[in-house]
Every structure is written in structure tokens, then in C-alpha cells.
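As C-alpha cells, the structure follows; a few thoughts come after it.
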Amino acid sequence: MNSLIPLLVAAPLAGAALLLLGGRALDRFGHWLATALAALSFGFGLALFSDMLGREAEHRAVTKHLFSWVPVNGFQADVAFRLDQLSMTFVLLITGVGTLIHLYSVGYMAHDERRRRFFAYLNLFLAAMLLLVIADNYLLLYVGWEGVGLASYLLIGFWQHKPSAATAAKKAFVVNRVGDMGLSIAIMLMFAEFGSFAFTPVFDGAHEASEGKLTAIGLMLLLAACGKSAQVPLQSWLGDAMEGPTPVSALIHAATMVTAGVYLITRSSAIFNLAPDARTAVVVVGAVTLLFGAVVGCAKDDIKKALAGSTMSQIGYMVLAAGLGPIGYAFAIMHLVTHGFFKAGLFLGAGSVMHGMNDEVNMRHYGGLWRHMKVTFVTFGLGYLAIIGFPGLSGFFSKDRIIEAAFAKGGTEGWILGLCALVGAAVTAFYMTRVMVLTFFGEKRWQPDESGELPHPHESPRTMTIPMVLLSFGSVFAGGLFAFHDSFLTWLEPVTGHSEGDSPLSSWTVTGLTTACMLAGVGLAYLMYWRSPVPVVPPVGSPLTRAARRDLLQDDINHAVLVRPGSALTATLVWFDSRGLDGFVNGLAATIGGLSGRLRRIQNGFVRSYALSMFGGTLVLVASTLLMRSV
Amino acid sequence: MIAGLAEATGTTSTGEAVQFWVLAVVAVGGALGMLLMRKAVHSALCLAATMLALAVCYMAQGAVFLGVVQIVVYTGAIMMLFLFVVMLVGVTSEDSLKEQLKGQRFAAALCGLGFGVLLVAGIANAKLDHFTGLSEANAEGNVPGLARLIFTRYVWAFEVTGALLITAAIGAMVLTHREHVKAPKTQRELAAQRVRDNLQVPPLPAPGVYARHNAVDVPALLPDGSPAELSVNATLRERGQVRDVSEDMQRRMAELENATADWLGRASSERPVVAAPRRSLEPAGNHEPEEGEQ
Amino acid sequence: MNPVNYLYLAALLFTIGAAGVLVRRNAIVLFMCVELMLNASNLALVTFSRLHGTLDGQVIAFFTMVVAAAEVVVGLAIIVSIFRTRHSASVDDSNLMKL
Amino acid sequence: MSALLTATCVVPAAGAVLTAALPAGSTEARRRTTKAVALGVSAVALVLAAVVAARFDPHGARYQLTESYSWIRSFGITFSLGVDGIGAVLALLTAVLVPVVILASWHDADPVAPGPDGAGGADGSEAGTIEGKRRTQGFFALILAVEAMVIVSFYATDVFLFYVFFEAMLIPMYFLIGGFGDRAGGPESARQRSYAAVKFLLYNLLGGLVMLAAVIGLYVLAQDQGVATFDLRTLTDAVADGRLQLSGTADKALFLGFFFAFAVKAPLWPLHTWLPNAMGEATAGTAVLITAVVDKVGTFAMLRFCLGLFPDASRTFAPAILVLSLVGIVYGALLAIGQKDIKRLVAYASISHFGFIIMGIFALTSQGQSGATLYMVNHGISTAAWMLVAGFLISRRGSRLIADYGGVQKVAPVLAGTFLIGGLATLSLPGLAPFVSEFLVLVGTFTRYPAVGIVATFGIVLAALYALLLYQRTMTGPVKEGVRAMPDLKARELAVVAPLVALTVLLGVYPRPLTDLVNPSVDATLSQVHRTDPAPVHPVAASSGGERK
């Protein structure tokens, strides 16, 4: 059975290779091939899942050693896989949602002449992501880690003819590289500390290592997570990443890739458990990002950017939870999965809306769409309810647990974090309601496109609606399923471990508070956007709004702090290289040339001066010999 | 007496001393003269004097044969050779005394001085108190002694020098002799040539015409009083030994012409331009030595 | 008088000759100076042969004369041919021997 | 004593002579025969080098397949060849790259404006440009000559022999750079090119002369202690067992003498400024020869000679050299970001990479040195791919300025794709070959000098910047004017790029064959320097998820 594990990766990888090398021949059915391979991988996943359920909790984790990758003395990097409950959760999420989104893309990209390449990239992404989650050592994980970075680079910049897209892609990759730097340093630290970077030895040896080292490793891992999961301070790329086709935003920048950071932290629980300082850093990052994303989400008029903000904030929740340690790991993953469902659903819905509105993204130009695209409306609505944590839907359970855990951290920390989470919940409700209302309700604010005709929205083709429907099922029931008898908790516990914190509030009070906050947010949004008419041109708004529209000045800050000094430095160095170093060398050459030119003058061609020099020479010789004699 | 002179060991007889001082003065004087004289001829003569003095010195030191050879070969042959060349190049041509190599004179003086000092110091340092005279070396006479050496120990060098001399002679010939690549032009051809490029149809003017005194180195005067360089021998022209006609001569010619003109009442336009240099037929310089030969 | 004076005389003459070589510009005079130097060395040789009481010095002086003769012949020939082409016997006029 | 190594060296040399002697390339047909011959010869050399690498037994003696013929007996100089893992791998790399380069520069040596005699044309007027009927023959003969010399210096086990070929390499390289410039050089390309060629020559000659002094000095000192030989093995053994003991200063001085030459060739900051000129002005093929083949001799020699002959000095100077290489890494990357000229950008990227290689060598850990050796190979392959595709691009547009390109991906997707792969390899994307080596180098350095390792890690961010900036500016965005009619890669060009890309992926996924060859030699080198890897603080028994099934 374990022999299936490599196939998880192999199937989509083969698909990518085929589609890229296959050439035009595959244009007709390439997309179906890719979808089939994704589905196949999902099938493998299910098979392994059932196999895993067949064993009892302790023996569910299996490893598969494929071959020794880089054997250098003292340095053993293997291509080995580990499939435990945590990986399995991700495998199913990735392949499942991935397959659905492949399906969706078949319709969405129907009219793009480079569709084959698009699907190749999607398959490549699946392969890399799967490799990331089933790798058995950090170096292999690193391969998948950068692999998804590459895939997201290719997909964000898929419409390369748009300079904005190309720039966004590069930005995403470079920012991620900063995170990757953290990961590689972490690996080096592990190697220097444990002489290995495979999971088992590192986790086994962790308790021997000094806390300082562990904290350092933890912080580096956090840096990596920030990069991949768009957490403050490396969040700036996610908003621009929306330049990519919507399925990409749904799959990579909402459901799977951006959650890799959470996976990394949870996976390294053994290290974080022993490094409280590192955990604190994680929690702080999570809380800040949670609010940051939420605020940004409130101000955006671009529907995808608004959703991106919400993604950021939701992942903030997860990171927060993961930072709480054993109290929160399971809930982090749980929220991750549910979020995977409903956020993917929301994005697909947004895509479907754009599809119907000839790629209009400005919500202020929507309105009253519910009548025209019912399926989209319903699925999107369910996703909406799920994300704001409407009681009974999946978001309710997962988020509620996280907030509880935050309070359960105990002490003032606990209070602060809990309150942050609550506020976040309220704001989430606010901006999601805003999105909902602006898009589907109110009067039509449709604008004519450049060809001058008003859009006539229509429901999307079957290939697009089916995935949305399936995902909405997930967003409705997943939470309940997981929460039922804490099934999810017990499922993950062997990997992450679990401990109940001491919550100052009873779980019911927390639930009540959460719901109240949610209702408050919804109410406020209702008043602002349902009751009062929505202006087509955005009002100036408060300074905060304006800042939020500019992603709270993140880009301006990056520019001021990094880009401008960097380019200045580069320019200086270029000057130095050509004028300084080369100038010195050329100057030397010129000097020598000049000297020899002067020396040449001695050769004046007059016999008598030659004779003179001969005579002088003889004189010197004789004199010196005589002197030698005399002394 | 010469043989006797060569006997002395530690010192020399007063006779030789006297002789030496006289000869030394002559030799050095000659050398300096050669160095300082502006005309090559004078230098040559001074050098000859020096050589003669040296010849006597040789004899005084028992090198009779060398003394004779010195007089015959050097003073006789070589110096004459020099004189020939000097004549060929120009007896009276002088070096301009201004030095155009910067610092050459000074450096030369310095080197010479230094060298002299060195040599003198070297000789002074050497222990040269005991002189074994040539009495027994010259026992059977100087010439046989030399001959024995030359034809026994130095025979090889002797042969080589012989070869050297022959080579030198041939070399000299090769250097000075020049093949005529094309047959020399005949009088007829030259005449035809002159007519063709209508520069100088009549034969060259004879020198000394209208000259105050009849000499080869005085150019003829053309009707307008300007000197005709052509009338002087090419070699003299080469050496720059053309004696120029005095200015007043030309001036008087001009006055004469003008007076005639006044008397005849010619218009100024018809008057000959006074002392206008006639277009010289051949600018001196591109004068081929070949013609100098013919 | 010590015969060494002959050597001093030779040195003096030699120096004068050398100076002449350096100073004079007329090729012919230059040659004369060279001859003078040769003669000076000859004088020294003769004096040495007297010093040692052997005739070798004189023999060598003799050879020197022969060589000098050869040298003069060739040298003058060169001067003549140069004069033919350049119309000058000044060594400074033939200064093409440079870079 | 099989003559396999000699054969491997002689074949390209003979091929060079043969190619040069072929009938003058007046007609297209004759030129084609010339190219075919050159290609065939290089293929044979490839086979031979592969055989050498295959017959090398990693667990056998340090140097194998050794041969020795007496050359200058009076100085104990012999023509002795022998191969260790590192040499075998690098020679193989050379033998792989040369056919590719020949194929890539198929038309680079054609007469510019084919006149009746196939000569003349625009370049004809340019100073230094080799023109005329033998232009084509000359070009390919020179390439083969370079191959022969490089292979000899990889196989040489005699210090003097190595020195001779190390220097002789400059001659053909000089003519390749100065004589066969890049057509896109612009009007004053001739002046630029001769400047570049002379600069290349002077820099390397200077280094070489210093080395010569050191070589002689070494011989003299060794002679004083009764080891009058140039044979590397004898010398290293003598150094190892103390028969040859150099005084501290002498040891340092000689080390610096050798190292200077290698650092110029490598090139190490701040001796690098010849590389951008040379690579910028030369044809893409020549540029690949420079950076991927010739420069490798420098780094290789650091491993074999500096460490082997002067272990103490190596240990003494290692920190300083590490700092220089660190500067080189960051400096090269930053300058690459600032370049306006595609080929110069690649050159500065290479400088950054050479920083990594040298760092790996002088970290004196087995990971670092294995990594450095792999890095030499991987950098050779990946840079070759990147540079050659860039060359194809430039030959299409006739300009080296990045600003002249844009939107190429729209008109020539395959070209753009391969270019992107080259760029990704250069920024050492995991899964591609350079990642393995770069990470090994970083880890190897980190375990001994953590600070250095961390700073060097910034290099990977900068690498991402310059590689992707180049791709973005040239390939993406709206299609620029001069690019519209740009054709995609032709079959020949695909044949050039495909093997390189394949190797990049293959060695990225399964570098095992290389590491198996290299590891024992690296251990031998390290033991020469008396260095052992710093042990992990808390070693864990099972060093990996390895054999657990």
C-alpha cells in the first residue's frame, strides 16, 4: 500500500511533464488529462486514507523511503515520504479541492489559447504541494516548498502580457524567497545541532538541544511560514497575487498553498513546544495579521482583493492557533480545512461572477446579481455564512474553537489574544457582509465595458457550477463533522498532541460572545450598505480607509525601506565596479604606458648619444670592478 | 741609440725622458688639435702629427718594427686614405660648432674626465716599479723576435687577420661600387631630353662669365644680374662652396640697366625687374649624384 | 723617469679620443678619434711588452694595427656611400635608428 | 599503464590540428564539413572522458589510470597524468559542454557578409577580428584546442605540466574572444572586444606569472629538502609525512602565489572585472567556454594544489578567503541586478556563483567541498543553458540591451521557457541541479562559520531578483517592436538546450552518480588539510529517515 505514496506526487508531476513537453498535440484534451490525473491522485489519497483508518491510531503513520538523494559524508538527504494523519488531512484537502478546481478551470479557461500550459502548471502545483506535505525531511519539504512557490509564480504571471501580472508574480516569488531563506537557515541550524534534518531524529533530539537554539530554529521556521502564508511582515505579495486567474487564487492563494506555513508550524510542533519564546512570536504574528487582513478586507472594492484580505486574516487565525501550542494545533488544522472549503467556494463564486460580468472585479459595479446567477448566489451565500461563523456551519465550529483556545492560553496574553480574535470575528462578519451585499443585493450598478455595452450576467457553465456546489457542501457540513465527538481532534492527536488549556470563560460564553460579535458586524454592514445607497465611485473615506485601500501602506513601507535603498546601492556598486575597480586597473595600465612612452625618448637615433651611453656604461662597469677589487 | 734606450729597467735614461716629454707634448697637442679643429683636414693633419710622435715612442721602447709600421701603414696609408675621403666630402666644409643634442657636450666631458681619472687611478694603483727591458727579447733583433712569435704562436691569428683584410677590401669595393641598372644616357639622349622638357635647351652656361675674376667656383651672372648656380660644378654646389657674387656687382648692373632705360625713355613696364631671381632651372637638392659622376 | 708615464700618456690620448667620438659630428673626424684611441691602446701594449720583457704585447699591437686598417677601409667606404645618398658627412643627419 | 588519459587529451588536440588544416572554408559546404569534423572529434572526446569517469573506481586509489612519461629529466618534470574523482567529473563536464558549444555556435564563425570568397564583410574592417577564408576553421580549431588544454590540466598530476597548460589555455581563449566577437556588439564592438581580450590576457598572465614564481620557489625549497620533483603525488605525500616542511612564511608566500593565479582565473572578488568584459564581448559559445570550462580550472586547482600542497597556509588563510568569497557572492548578485546588458548580467551572476564555489572549498568541510565540486558541474551546465539561450535571443534581435526586449514569451514561447528554466537553475530552485550544490555549500559553511553561512543565504534572495527581473524585462509584458517577428528555437538550438536542461533536472533529482565519484576524493583532500567536519552538538543515531521502511 505504501508504494502508492510516491504515486500521489508522481501522477500530477507526470501530467505536468506531459502537458509541457507534449506540445500542440495535447491542446484538445490536455485539460481533461490533467483533471483526470488530479482525480487519480485524489483516488490514491482516498485509498491510502481507508488503509490508514484500517489501522489503530499509533500505527497510522507510515514512511516510505524511495532513494538516497544527496549522500555526502555526514550529510544524508533522502527522498523519503511520511504519511501520517496530518499529511493525510492535507493530501485529501489538496487533491480534493485541487480536482474540483481543475474541473472548474476547464470551464473558466475555455477560451484561453494557452489553456494546456495553465493545466500543466496546476498539475505542477499539486505535485509540489503534495511533496511538501508528505516529505519526511525538511530538505525534501523545502523542495516542495519552493516548488509551490514556482507554481504560484507561473500561475500568477500566467497572463504575462500584462506587466502588472508579471510584476506581481516576481514580487510573490521574491518575497517568498525571503521566507525560504528562513527555512534554509532553520535547516542548517538543525543540521549543525542534530547532524540531520529528517523529522524523526530532529524531533527526538529536540529535548536535548538548548532552548536558545530551538528558539532560533523556531523563529526561522516562523519567517518561512510568514513568507508562504502571507503573514505580517511578508504579507505584501498576496494582494497582488490576485492578478492570476481566479481558479489560481482559489486553489493556491486561498485553499492550499498559503496554508503551508500553518502546516510547517504544526509539523514542527516538537520544536515549538520546547521554545515558548518562538511560540509567542508566532502568536503575535498571527494576531497582528488577523486584524491587518480584516482591516484591509473592509476597504477593498475589488472583490478578489477583499477575499484576499479575508484569506490573510483567516490564516492569521490559524497561525494564532498554531502558536498556542498543543492547545491549538488541531484547531488550526481544522480551521484550515474548513477554510479550504469555503474560501475556495467563495473564490470560485467570485470567479463565476466575474465570468458573468465580463471580468469586472469592482464590487461597486455589481449589485442585484442574485436574480441572474442563482447557483452562484446560493453557493457563495453558503460560503459567506460559513466564513462569518454562522452557527451550525463549518466556520462556526472551527473559528469558535480557536477563539476558545486563545482565551484558554490563560493570563493577560489569553485575554488579549481572545479579544483580538473576537474583534477579528466581528470585522470578518462586517466585510464579508459588505461583499455579499455589494455583489448580490441592492440596485444594479453595472457599468458598460469598453465596448460600451452593459454586461448581461448569466449563470456559468456546468463545469464551473458543479465544483462550487460540492465545495459549498464542504463549507456547510465539514465543521460539524469534525466537531462531532471531537473526531478531528482525536484523529490528529497522535501527531500534534493535545492539551486542554484553562479557559477563564466557559465554552458557551465564548460561543455567545463570538455570535454576538458576528451579529454586530453583520448589522453594521447591513446599515452601511443595504440601507444607504452605495456610491459607484468610492467616497474619500477616513484616513484609515484610505490607508487600508493601500493595504495599510505596506508597499510604500517596503519601497521606502528596501527597494529604494537597494536600487541606490546597486547603482553605486555598478559605478564603483566600472569606475573604482576597473578605473584603478585601467589607470595602472595608462601609467605604465606613459612611462614606457617617456623611456622610449632615450632611443633618439643619434649615434653619438648611443655612444655616450655605451661609454657611460663602460665607465660604470670599470669603476664598479675597480671598487670590487679595492674592497 | 734606440736599442740602448730599451735597456733601462726601473727608470729610463734622461735622454729618453727628455725625448718622452717632448713627444708627449706633441702627441697630446696633436690629439687636442684633432679634437678642436673645425675643418676635417686640419684634424687629419693633427692626427698625423700625433701618430708620428707615437711612432717615435714605439721605437724608444724597443718596438722598432712597430714604429716603422706605424709610420708606413698609419701615417702613410691610413691617414692618406682619410685625406682622400676628406677631399671627396669637401675640404673646406666645417662642422657647425653648435651642439644640437642637449647635454651631449657636458655629459661627454664628464664621461671623459671620469674615464681619465679611472685610468690614471688604475695605473697608479698598479704595482709597476720593475721593468724587465726587452734586451734579451730583442737579443737577435726586434723583427726576428716578432716574426718568430707571429709565425709560431700567433700564426692562426695572423691568418685570420689576413682573411679579415681581404674581406675588408672586398667590402669596401662592394660598398662604394654601384651597378648601373640602365645604360648611362648618351649626349644625344641628353640633348633630346633637354629639348623635350624645354627647360634648358642650350648647354649649361660657363662659369665666370661676367665674373670679376675667372674661377670655377664663381657662378655666371645672368643678364639681369642674378647668379646662375647652374654654371658651377655640381660637386662644388654639393659642398656649398659656391662663392657668391658680391651684392654691389649686381647693384651696379641694375643701375646700368636703369640708366640705359632712362636714356632710351622706356616705360617702366618694359624695364627689366631688378635683381629678380630667375626661375632656377634645377632647384639644388634633387640633384642626382649620377650626374655628378658623368 | 719611470716608463709608467707612457701609460699615463696612453690613458690621456685614449680619453681625448673617446671625448672626440662623443663630441664631433663629422663622421670622418669621428673615425680619426677612434684611430687615436686605437693608437693609445697600442702605446699601452708596447709599454706593457717592455714591462714584461716579452714581445707578445708588440705582436698584439701589430694585429691591432691590421684590424684598424681593415676597419678604416670599410668605415670610410660606408661614409662615402652614405655621403653619396645623403649629401652629408654628419652622423647626426642619419638618425633614423629609433623607434 | 593504459594510455587512456593521454588519448582523451590527444584526441581534441589532434582534432584541432585537423580542423585547422581542413580546406579553407570558402563555400558553405566546406564550412559544414569543418563543423561536422569538429563536432565529431568533440563527441569522441566525450566518449573517452565518459569511459575515464566510468573506469574510475571511487573506492580505489586516490589517483587512478596514472601515466607518466619523462619530459625534462634534469628538473624532475614529467608528463604524468592521473585522475581523481574531482578531475574525472570536471573533465567529463568539459567534454559534455564542448560539443554543445560547437553546436550552439554553428554559425558564429561564418563570414559576416558572405562575399565570393566567403570573407570580408562588416567585421572584416574591425581590428583584431579574424577574417578571411580560414575564419571558420580557426574558430572551431581554437575551441578544440581549449578543450584539450583544459582536459590536460584536469588530469595533470605534475605541477609544472599543469602550470604549462594552465597558461597555454590563454592563447586560444585570447583569439576566441578578440577574434570572433558577438555580432551584436554595436559599432565600436571591435575596440571593445580587443579591450576585453587584452584585459583577459593581462589579468590571467599576471596571475600565471606569480604562480610560476611560486612553482619555481616550491621546486627550489623541495630540492633543498631532497624532494627534487614536480610530481604532485610525491610532493603531497612528502608534505603529509613531513619530509617536506616549509617554513611558515615560505608556506604562506607559496600558497598566496598559487592562490592568486587561481583566484584571478576563478574569478574571485576583487579580481573579477575581466570576466564581464570578456563574456560580454565574446560570442555566447565562447562566453560559456570561459565561465563554464576555463574558469573551473581555477577553482579545481584551488582544491587540488592549494589545499594539497599547503595545508597549513590553507587553514590560515581560509577565513580571509571566505570573507572575499562572501563579498563576491553579494557583490556579484547586486551588480547583476544593476546590469543593462544581458550577457554582462550572466557574467556577474557567475561571479556570485564562483563566490559560492570558493566558499565551499575553503569552508574545509566535506559538505562544503563536495558541494563546491558539484557546484562547478552544475554551474557549468545551468549557466551554459542560460547563456546559450541568451545567445540565441541576442542573435535574433541583434542587441544585448535588456531594454530592447519585451514580450518575447508571446512570440517565442519555447525560447522563453528554456530561458526561464536557465534562470530558475541559476537562482538554484530546488529540484534543479544547482540547488543541491548550493545548499551543500551553505550547510558546509554554516557548520563551521555560522555567520558566514547566514550572510551567504542572502545571496539566494538576490539571485531570485536578478534572474526573475531579467526574465520579466525581456520575456513578459507587451511585445516590443523589434521582437515581433522573432522566430522560436530551431531544431539545432533545441538540440543544444535539451541535453543541458535534461542534465539540470536529472542531477537535481539524482546527483548520486556525481557524489559517489566525488566524495572519496574530497575526504582525501580534507585529510590532507587535517580538517574534520565539526560534529553536531546533539548527534542523533539514525542520521536520517533513511532505511526505515
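All chains are identified by letter, namely A, B, C and D, in their written order; residue positions are counted from 1 within each chain.
Note that contacts are C-beta pairs under 8 Å (C-beta built on N, C-alpha and C of every residue); 3 or more make two chains touch, one makes a residue touch a chain.
Keep in mind that this is a model prediction, so the values were computed, not measured.
Think of the whole protein's Cα atoms as having one middle point; the chain whose own Cα middle lies nearest to it is D. Centre-to-centre, using mean CA coordinates, chain A is 98 Å away from chain C.
Inter-chain spacing, taken between the CA centroids of chain C and chain D, is 65 Å.
Spacing of chain A relative to chain B, judged by their CA centroids, is 103 angstrom. In this assembly, the C-alpha centroid of chain B lies 72 Å from the C-alpha centroid of chain D. Among all residues of chain C, those that touch two or more other chains are 18, 22-23, 25, 92. Residue positions of chain B touching 2 or more other chains: 101, 104, 107-108, 111, 115. For chain D, the set of residues touching two or more other chains is empty. Pairwise, the chains that touch each other are A-B, A-C, A-D, B-C.
Only residues 2, 20, 63-65, 67-78, 80, 82, 136-137, 139, 142-143, 145-147, 150, 153, 157, 160-163, 165-167, 169-170, 173-174, 177-178, 180-181, 184-185, 187-189, 191-196, 198-202, 204-205, 208-209, 213, 569-571, 573-574, 577, 581-582, 585, 589 of chain A touch chain D when the two sit together in their complex. Residues of chain B touching chain C in their complex: 6, 8, 10-12, 14, 16-17, 20, 24, 27-28, 31-32, 34-35, 40, 43-44, 47, 50-51, 54, 57-58, 61-63, 65-66, 69-70, 73-74, 77-78, 81-82, 85-86, 88-90, 93, 95, 99-101, 104-105, 107-109, 111-113, 115-116, 119-120, 123, 128-129, 131-134, 136-138, 142, 145-146, 149-150, 153-154, 157-158, 161, 164-165, 167-169, 171-173, 175-176, 238, 289.
The touching residues of chain A, counted against chain C in their complex, run 600, 603-608, 610-612, 615. Partner chain A is touched in their complex by these residues of chain B: 101, 104, 107-108, 111, 114-115, 118, 121-122, 125.
Chain D contributes residues 199, 202, 270, 273, 331, 334-335, 337-339, 366-367, 370-371, 407, 409-410, 417, 424, 427, 429-431, 435-436, 439-440, 442-443, 446-447, 450, 453-454, 457-458, 460-461, 464-465, 468-469, 472, 475-479, 509-512, 515-516, 519, 523, 533-549 to its touches with chain A in the complex.
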